[in-house]
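Presented sequentially are two complexes of chain A, the first with chain B as partner and the second with chain C.
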Partner chain A sequence: MTVQDTTILRPIPRFRGVDHKTLILIPPGIMLLVFFLCPFLIMGAVSFYYRVPDGFYEPDFVLANYAAFFDPVFLTALARSLTLCAVISVVCVSLAMPFTYLVSRMRRGIQVPIVILLLCILTLSEVILGFSWTILLSRTAGVSNVLVWLGILDRPVSYYPSRIAIMIAMLHFCFPFAVLTIYPPISRFDRSLPEAAATLGAGPIRAFFTVVIPALRGTIISALVLVFVFALGAYLFPQMLGRPADWTLSVLITDQAIYKSNIPFAAAMSVFLCLICFALIVGVGKLTKKSEG
Partner chain B sequence: MTTLTLEHVWKRFGSFEALKDINLNLPSGKMITFLGPSGSGKSTMFRLVAGLDDTTEGTVRFDGEDVTRLPAHKRNVGMVFQNYALFPHLNVWENISYGLKLQKRPKAERRARAEELLDLIKLPHIADRSIKQLSGGQQQRVSIARALAMEPRLFLLDEPLSALDAKLREHMQAELCDLQQTLGITTIVVTHDQREAMTMSDVVVVIDQGEVQQVGSPLEIYRKPATPFVADFVGSSTLLEGIARSDGTFEFNGQSLKVTAPDWASRDLTPGLLCLRPEQLHLAPRSAQTPNAIDVDVSLIRDLGSEIEVQARAGEYEFLVKESSGQPLGYGVGDKMRLHIPETAHLIRA
Partner chain C sequence: MTNKQTLNRRQFIKRSTATGALAAAPGLYAPFVHAQAEPLKIGSWGGFFEEVLADKLYPEFTAATGIEVQSIGTPNGDAQVVQLAQAIRAGNVPLDVSALIPIPMVRATNAGIIEELDMSRIPNAKYLPEVQGISESTDGNPNGVAWFFYFNILVTLQEDYPETPTSWKELWNPANAGLAGVMAQPEISNIIDITAATYFGGPDILQTKEGVLEVLAKVAELKDTVALWYRDEAQFQNGLETGELPIGIYYNDVATVAQAEGIEIDRIFPKEGAVKNPAYWGISKGTALRDQAHEFLNYTLDPSVQSLLARNLGGGPVVPKDTTDLTDEEWDQVSTSKDTIAPAYHLYTDWGDWTATEFSRAIS
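Showing the complex of A and B:
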């Protein structure tokens, strides 16, 4: 509070060559330090601790927790998580793009209720969404009963636990985020571009794929990354709707930390997950900057 | 070369009538301008021609062929947008050859066509530049090249010059005219600048409040405005209210002025407006007893160097007179003078 007061309210003298633009960075810097960097460093330290078998852990410097990554069980789990999240993010953004584009071309009176509906989905927590899908996909009360009633199925079946169930719930969860990320750039998008494409002989669908999508490349990539990172962090859906064989890295971390009491290994995996996300965001940021510059 | 015909075209946005019963028949291979004040419906009409919006009622024809329900991408009109609308993800030559790429033409052919057009717009050597590296004027030319790449039936430009500075603007006006003459393509330019319309076009279509006021050559529009709106919007003029008679007299303020009788003044006592342009008017001293003149008071004199602008009043009417700056005027502000009305002054039906 006091830092903010001095930086914002008073005219700021220049101390030793530090101008006020740098000073303004101090409060968020402190926040990041306390709430992000410190826990991360603690976690990083713990990831090198020695795990006492059948006990807790003691400070040490061992690489055993990281060496465990080369276990094929872990590697397949990693590959599975990354693939699942990649598929979810691609499907989610592929649905969100045309959806948002069409919504942005509707009248204001229709756009507003749709956006409000999406915000409503955001207010539902992962837990509620997860449980709703366990009901919807269940044998006793799920959609298969409707299919039976329609005569498509002979008897009701359960659609979970399965990978498809995880994906459906995750898509439901991520879709509003994807739409809300791409909504502002799409609604600001210059309408004369698809119109120009039309006068040059492109029908609406071709114009969408040859002009709208490429011109919004940066937006699409950031939406993909956002959904990917989001999906990577979600651990309730795989746990509620999947078999242990479908568990993603986040679930494995929880499992190790809470049920197996292997905090150092959980910490090592978390560090690894953080680094993947970080590398992805930085890499994609660099890539989009290069392609747009 | 395509003639454009609009028949009883209406456009409504909800209850608002943006275009009211437009009937036009525009010749092929000519430079045509749509001239009108802001909000008059120029862009609306334009978008109907391009097929970007649907007509509410009426028919649009290219060479007699009904294209009213044909979507924009099947009309083959080349269009230059006000903000150029160049595709940001493509470079210059890819922008120009976008339409050819849709037709799956081979790359060498597309490239060759782009280079040919870049020569035409006098910007060779920029084929591989990105759009962001171009100045406003260059972007505009590229967008012209792109619009021409498909050899369109009609070439449409919506306020193409409004974003350019005065000098570049005049230059581009001349170039656009050259280009149009070289290609002989039917070209329609939207503008709200009457000078631009006068200097560039073969045919001017004056629009106000969704209605066509007059269609004609620039000279016709200026010399013989069809409605009071045209007289006022194109050039400056003073309109005298009075009664036109078929014998070629115009009753104004109890005076009888001699004018050429218009064909519509067949019956006696038709209300009319006499359109007076500054360069038609002359001031003379009252003592000279000039015939066909009205009494005025000089209210303002402005020496512009090249000419002298004199303002004179008679009751509620104000006249602008242009005198040459060579010799002394021989009168000053406040002097009582006579304003000579030429017999060639144009009469507008009120």
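Showing the complex of A and C:
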């Protein structure tokens, strides 16, 4: 081996016209195929299997699992899930945008602890957050006792199960994700733009809404989609903090898969949920392109 | 469930042929039949149950009969049946004997993985009650014996209910709005059976789907009082401990443990009846240790063993009280002399999917 061989980087050879950039995509491509596409295809196949009433399933091609989904119980749960997640993603990103913008303008010594705090929330599991909120919102130990002490309430009350309780816990859970998605583009954001707005007479709030927000439209939309999809998978919060009338489709899917062993039906509902998610993401993507064009 | 210890069939045939030849020699049969090559593999639900059985029951059994036992933890519910059925269909018998609650027992029976029993080899079965004592195969022959009963009862916190309620109707009492905890799955809470017994004079109404819908309309009224439809006992136990959920449906054995831990609750066997469910032993189809398995079943039905199980597991004995040496106090901890509710299992097996959807509709 000569010295030259080890010290001089030779250009990566091209294989039959494929350049190295494409080659780099192969490992993640295989990962996606093995860990995402294959399970999804298996789920898709199982959703057409025949459900044997005694708790098993057999390979077959039946549409009964999809037909069963068109029952008001499940359609309502679907509508409820989509509405809940849409509201959560809008509220979450609306809070995260100004928060991140303000944090990004702070001194580095303050920024870092705030980001670490947010990362700390991410280390807590859904179970721990759920149990914490059941205590905070409870009648016996929750915040209402403070309100009684302050003389605002006559006697302590329980704030869960309720839709608001689910929303609060889900916001707590999703907020760090929204901030961490928005943080890099906002910290790279060209400061001269709001400064130019200021020289033209716009106050900080007006500059934020008329200059910063429109310039970061792409970031906002990706944060919205990310939080929406993330919230759609939440299972524990609706289950722990809501009544059956608040249970999302994820809860019903889990019930079917785990407690009823109805894997084909659970798969059919999951496929449906995935398709709706996919359609929404594609739709939002198209709308953004149109508005940008 | 592990396959590591699974019986190698060929090996077994060799050994059992040898054992069988020796056993055929007159006067030698008893010790040689029991000098088995492989231990009897008994599956019970992993965790508390499996630990107690491995610790208290199996050593006594081995001492009494010379039959070695290997204790194996299993999941509960459908996963248990699915795993067992897959192994047996693949030609393995991972367990010789399994503990099965009624719905998994029906599913295992329908899947054809449970052996029919030779009742002449289980003389202690004479103690079993007529109702819920024996499980039947699809042909109507015995294929399982109950070895303990477990009860769904009403529990209340003494502090909030100084006057102990006596009826399931307390769950519907508007004064309890937002205070009750009930299991989320109808086949686990048996709330449909409870409602039928409390408001419709018994289980007859559950024979038709129209009748079930009528009962479910009454179940739907629980929406106001039930704050938590729980999937995990810990969720309800937490509610009891904090006083957040001072009333609800709970298992008698778990409630007894909660009392021992210092939570001041009343365990109530309501006047309409607590729900009584049997836990069965089933023998796997294709087991090579059929004789030993039968002997084990017979052993666990012995009144003295039933007392041991009651004291250590907290389950209700399947034999009459006077055959055991349990005191009145001990008996009342684990069982009841009052009438009980036997669940209408067809709701959760034959009509399972329909019931699940209609139940979701009722409570949401």
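Here, the second predicted complex is superposed on the first by the 263 of 293 C-alpha atoms of A that agree within 3 Å, B and C clash if a C-alpha of one lies under 4 Å from a C-alpha of the other, contacts with A are read in each partner's own complex, and residues count from 1 in each chain.
As a convention for this text, a residue touches a chain if its C-beta (ideal position, glycine included) is under 8 Å from a C-beta of that chain, and two chains touch if they have at least 3 such contacts.
Predicted model only: the values in this text are computed from it and were never measured.
*Asks:* Please tell me which partner, chain B or chain C, touches more residues of chain A.
*Replies:* After superposition, C is the partner touching more of chain A.
*Asks:* Does chain B (first) or chain C (second) touch A:R51, or do both, or does neither?
*Replies:* A:R51 sits against chain C, while chain B stays out of touch.
*Asks:* Answer with first, second, both or neither: which of chain B and chain C does A:V282 touch in the superposed model?
*Replies:* Once the two structures are laid over each other on A, A:V282 reaches no partner at all.
*Asks:* Once the structures are superposed on A, label A:A79 by its partner contacts, choosing first (chain B), second (chain C), both or neither.
*Replies:* Neither partner.
*Asks:* For A:M240, is the partner it touches chain B (first), chain C (second), both, or none of the two (neither)?
*Replies:* Only chain C; A:M240 stays clear of chain B.
*Asks:* Going by the contact rule set out at the top, does A:T199 touch chain B (first), chain C (second), both, or neither?
*Replies:* After superposition on chain A, A:T199 lies in contact with chain B alone.
*Asks:* Which partner does A:L37 contact after superposing on A: first (chain B), second (chain C), both, neither?
*Replies:* neither
*Asks:* Kindly classify A:L122 by the partners it touches after superposition: chain B alone (first), chain C alone (second), both, or neither?
*Replies:* neither
*Asks:* Which part of chain B faces chain A closely enough to touch in the complex?
*Replies:* 50-52, 71-79, 81-83, 85-90, 98-99, 102-103, 146-147, 149-150, 152
*Asks:* Name, in rising order, each residue of chain A that touches chain B in their complex.
*Replies:* Chain A residues touching chain B: 190, 192-193, 195-203, 206-207, 210-211, 214-215, 217.
*Asks:* Using the touch definition from the top, list the residues of chain A that touch chain C in their complex.
*Replies:* 51, 53-56, 68, 71-73, 76-77, 131, 134-135, 138-141, 158, 160-161, 239-240, 243-245, 247, 252, 255-256, 259-262, 265
*Asks:* Can you list the residues on chain C that touch chain A in the complex?
*Replies:* Of all residues in chain C, those touching chain A are 77-79, 81-82, 85, 106-107, 110-111, 178, 184-185, 223, 227-229, 231, 235, 238, 242-244, 349-350, 352-353, 356-357, 360-361, 363-364.
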